[in-house]
Amino acid sequence: MSETTADPDCHDGHAPGHGYIQDKDKYLARLKRIEGQARGIHRMVDENQYCIDILTQISALTSALQNVAIGLLDDHLRHCVVDAAKSGGPAADAKMAEASAAIARLVKS
Amino acid sequence: MSETTADPDCHDGHAPGHGYIQDKDKYLARLKRIEGQARGIHRMVDENQYCIDILTQISALTSALQNVAIGLLDDHLRHCVVDAAKSGGPAADAKMAEASAAIARLVKS
Amino acid sequence: MSETTADPDCHDGHAPGHGYIQDKDKYLARLKRIEGQARGIHRMVDENQYCIDILTQISALTSALQNVAIGLLDDHLRHCVVDAAKSGGPAADAKMAEASAAIARLVKS
Amino acid sequence: MSETTADPDCHDGHAPGHGYIQDKDKYLARLKRIEGQARGIHRMVDENQYCIDILTQISALTSALQNVAIGLLDDHLRHCVVDAAKSGGPAADAKMAEASAAIARLVKS
């Protein structure tokens, strides 16, 4: 719960109307599944399974991660960024720059 | 250890000269780390951490997965595909088609 | 200049304070270069140049396109989306959904 | 027709059995279309069209480029790489390393 990178209202569990928090259970379930996929890939290598089958699972895991990222970003835009935009000022500009940098990392990764 | 999708020589633990097997410990260590990264992202959501910080970790995990995939594919080309190419015939063609399909999935994911 | 998909204020040339318009010359120059890169790849194939060299140019062109997209998206967030957020209402929600869908297409392409 | 990066047999127009050459007309047509798409995006910016519509066209162009790259890579594996694999030796290893590096650039771009 670091307070360094952002307005705490934007991600604090005590402000349930903000960001991804309202879908938290859905995200936790998806990430649990993703963790299981990662464990499954580890097991496939351990069992000397066929490279191509492992690559297929890596592509599936990458897509699952991208979908979580796209969902989190959407929630972030609809809550933190909208709130910052309404307040205006340099904090809003910083919020936009931060969101754009996160988008750039996702597009390039 | 499904025998359906490929020549077992190409990924069987008893043929240590083939594919990723010679780097198996390295891959297992990287995948263990990836599993830990997935678990860390789950924990970040559970602790209501800041969306942008979570997105940064997702980008890092995606890159780590891509690097494992690129490594596995390189090993696959150097061993299974080269062996198939030397043997020739329809099995070699099938091997190429399979490798190309895996590359396409990675490029598009 | 279709008026169907968006508030014309958000992309109309007569409102120079909005969106990418203030950087229009910069974008036009980058897109001119991109067009030249595409023409160069066509010429490489026509001259039977080496596949790997062509692939290198395609990767470079893809990166250049992604960078233009990231820039346009950043401008869009800072102008159209911020303005919509300030106005609020269903139009703001539609704007966010539209931006998120564009981001998803970029991340997945 | 640089002879520096590769065996000329692997991409020379006089060896029509090799690489992408047999599909050359198909690739030239696709790249012509890609050049037109790039020109269209330039025109959209010039006409101050809506950012989101431009981003949609950029995603479409990126996908078209990826598909050309995947096709060229498939042709390259089936011809140049197979031939190198059959010959063996350090030239074959260099060919594999080169193909893997090209794949890595595509996956990461």
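Going by the order they are written in, the chains are A, B, C and D; count residues from 1 in each one.
In this section, contacts are C-beta pairs under 8 Å (C-beta built on N, C-alpha and C of every residue); 3 or more make two chains touch, one makes a residue touch a chain.
Just so it is clear, the model here is predicted, and its values are computed rather than measured.
Peer 1: Regarding the chain C and chain D pair, does the interface count as same (over half of residue numbers shared) or different (under half shared)?
Peer 2: same
Peer 1: Compare the CA centroid of chain D with every other chain's and tell me the farthest one.
Peer 2: A
Peer 1: What whole-number Å value describes the gap between the mean CA coordinates of chain A and chain C?
Peer 2: 23
Peer 1: Hey, what residues on chain D touch two or more of the other chains?
Peer 2: 66, 69, 73, 99, 106, 108
Peer 1: Give the list of chain A residues in touch with chain B in this complex.
Peer 2: Residues 1-2, 5-6, 10-13, 19-21, 24, 27-28, 31-32, 34-35, 37-39, 41-42, 45-56, 58-59, 61-63, 65-66, 68-69, 72-73, 75-76, 80, 98-99, 102, 105-106, 109 of chain A touch chain B in their complex.
Peer 1: Where on chain C does chain A make contact in their complex?
Peer 2: 66, 69-70, 73-74, 77-78, 81-82, 85-86, 88, 92-93, 96, 99-100, 103-104, 106-108
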